[in-house]
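In structure tokens below, several structures.
What follows is chain A paired twice: with chain B in the first complex and chain C in the second.
The block that comes next holds the complex of A and B.
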């Protein structure tokens, strides 16, 4: 049998819906309350401005003792996000803490869009471009945003 | 002997505190990490420790495993939770709610009043689990509430999460075992208040009642 949905997940969901983070929406799937459809608006100060990026977020059975699983569904040109949408972010891996939550995870991802870090890459080719020719990299990121992340 | 709670709280409701950063519910058996002082429910903190998540959830400071050895707290073994366990709405929406005058003729709800004073309702049933060696422990009140609800609605079994681990409660056999490992079975018991008083309960959720 399926376990009851933990109170923490119910509370987090209610608070996310009642008091959403600016620029971010997260809605639980109708058939699976552990699966969230997420939209993050590209931050104004970034090459992703004007784009809206779709992500999926899943709360594993061990949550909050294990991190949510988050992935970009929208193609994005970013040194810390690979072509499968996987995100290189410490709090989603070994720096997870159960005091973090969906809200803080999504805020961190939003911040990652504002601050690409080519020194800790996941997409090595993108990171290389970011390091050797940042202007060109930003131009590509803007083009991808226009092509794939338009509302 | 490690002191697992700050000494300041000595009221009968010492075992109930504000929201736990791990379960986002009213803290049950509040337990402070000695090194940094950050507080969590006892079973939440024990779950964090078992999951080896790299120390304190707030500051990542070390968790002294000694706090899980023979822990004891001054606690009311029959305590009930003040929050219903039901999810609360956010502060933001609470603030937006217009204050209605409350001068209607409302019948007092005895159960709600008792809960407000942390007093159990007379009909309250308690759920106990057997110790590894001997004696009985009370489940923490939140887990107990889930078990009772499943029992009352005549489910054959229910699943609860304790210290981050999933357990099955089997009502036909009145037993509990880890979901992934049927071997390690314990007896469970449902008792009323009088029987509870006769049983010399050891403590709650692994925390001994300090005498």
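The block that comes next holds the complex of A and C.
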């Protein structure tokens, strides 16, 4: 089976291309169908509004029994995303279920941008700032969005 | 297709019993079978009742629906007083032949090493005879899986207060098999929630989150890899529905046979290991070639145990053949004690080699705080995250 793409991945890819989620695009790489180039628009109600964030998503060999690997390529000031772009999201770790899909994962990441969760931080300095001085944190997040995520 | 059936004729009128072997056609029905018996015995078929699997069969029942093998016995009962039986409660029930119980469920067959369609057989708990009549229909799995739920009368031993003894068999090879209560036919052709495929036989933990056998197998194998099974008494080490947020669990570990024999053995070994490690009187043999887990006897104890598998004798505290607990140069022990903290639930020595104070125990699954060595609380989240 090595090298052959499972039917589920083919179906998911077709659905993502035919019926994309508003504010999200996901395109498979030309040379690797398990690697996706993802763009997520910053939600309007968040400090990331106006920005477009680039991510990479990779489906490991074990997918869907193992979670996809997702990382932000665009720099972002967010308590649950560290400076390497790694995302602290339960469904990408212990709460992964094979009944979840690329679509649901990307929707959850979009939701995480709308609702940062400093109680379960990955970037601890950002989280501390978010908890002690939220207004300042939001200001920084907006600045970073302008500097790094402008289209 | 012709088939051989064994008939046990219980003649109460003449106080006789006899065995008859008959060739039958699977496309025949019970009425035709009764005519054949009438020809052989000269007993008018109106005086006979046909009992199979604890129930009276309707004349219209086809032989092929009974999943017969040459070893199967059908009882023909000729009561003393025909009126008495026809008035009994068995006849007041119109759906006497409920074929669903005769082969629409699935079993794990060890001989076939596969999931197969199963059949249910009813015996007398006292004399193991098949000459029984159930007093009430089993309504659900519990009725047939637990003992002493369904009362029977036995035409063989006539003992009072009898209960049915239900057994499951493989429809393919006729061997005894384990009922798989979570496996069912996919009547509505629902899509598997993992691969979108539409299989005819699927797994449903009772929540209607359908998963096909193949995806269920993959799911179990990935759960086994990191041993993410959790102890959920009374079911033992089990896993939940694949659907996110669904808490239904696999209630019978026989379903884990679907992983294949070697993986099932690994599951059993690891589950035993886990159970032993959370029990004060459990120990794992330190002999590298063995690793067997067992319970030690609490009486007459000098702190040493012998493995029942490889007979290695060792000190339970330092796990050495020659106890080093008392000596000062037990650097390993000192190092472990100095560099680890024990999981508050399962006592597993835990080293923190980085990350935050939030520890997720890979041994028992508990979330605890490395600073307070207690369950992870909101205060730990606030106070112990940053140092």
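One rule holds in what follows: the second predicted complex is superposed on the first by the 149 of 151 C-alpha atoms of A that agree within 3 Å, B and C clash if a C-alpha of one lies under 4 Å from a C-alpha of the other, contacts with A are read in each partner's own complex, and residues count from 1 in each chain.
What we mean here is this: contacts are C-beta pairs under 8 Å (C-beta built on N, C-alpha and C of every residue); 3 or more make two chains touch, one makes a residue touch a chain.
Keep in mind the model is a prediction, meaning the values are calculated, not measured.
Asker: State whether A:64 touches chain B only (first), chain C only (second), both chains, or neither.
Answerer: Both: A:64 reaches chain B and chain C.
Asker: Applying the document's definition of touch, where does A:18 land relative to chain B and chain C: first, second, both, or neither?
Answerer: first
Asker: Touch check for A:73: first (chain B), second (chain C), both, or neither?
Answerer: Neither partner.
Asker: After lining up the shared chain so the two structures overlap, which partner does A:33 touch, if you call chain B first and chain C second: first, second, both or neither?
Answerer: neither
Asker: Report for A:91: first if it touches chain B alone, second if chain C alone, otherwise both or neither.
Answerer: A:91 sits against chain C, while chain B stays out of touch.
Asker: Based on the superposed arrangement, let me know which partner A:4 touches: chain B (first), chain C (second), both, or neither?
Answerer: Once the two structures are laid over each other on A, A:4 reaches chain B alone.
Asker: Using the superposition on chain A described above, determine whether A:124 touches chain B (first), chain C (second), both, or neither.
Answerer: A:124 sits against chain C, while chain B stays out of touch.
Asker: Touching A:115 in the superposition: chain B (first), chain C (second), both, neither?
Answerer: After superposing on A, A:115 lies clear of both chain B and chain C.
Asker: What is the shared patch of chain A, the residues that chain B and chain C both contact?
Answerer: 6-8, 11, 62, 64-66, 94-95, 97-99
Asker: In their complex, what parts of chain A are in touch with chain C?
Answerer: Those residues of chain A that touch chain C are 6-8, 11, 62, 64-66, 91, 94-95, 97-100, 119-121, 124, 127-128.
Asker: Can you list the residues on chain A that touch chain B in the complex?
Answerer: Interface residues on the chain A side: 1-4, 6-8, 10-12, 14-15, 18-19, 61-62, 64-66, 94-99, 101.
Asker: Within the complex, which stretch of chain C touches chain A?
Answerer: The touching residues are 193-197, 209, 215, 218-219, 221-222, 242-244, 356, 360, 381, 385-386.
Asker: Along chain B, where are the residues that touch chain A in the complex?
Answerer: Residues 21-25, 44, 47-48, 51, 53-54, 57-58, 60, 85, 87-93, 142, 146, 157-161, 164, 166 of chain B touch chain A in their complex.
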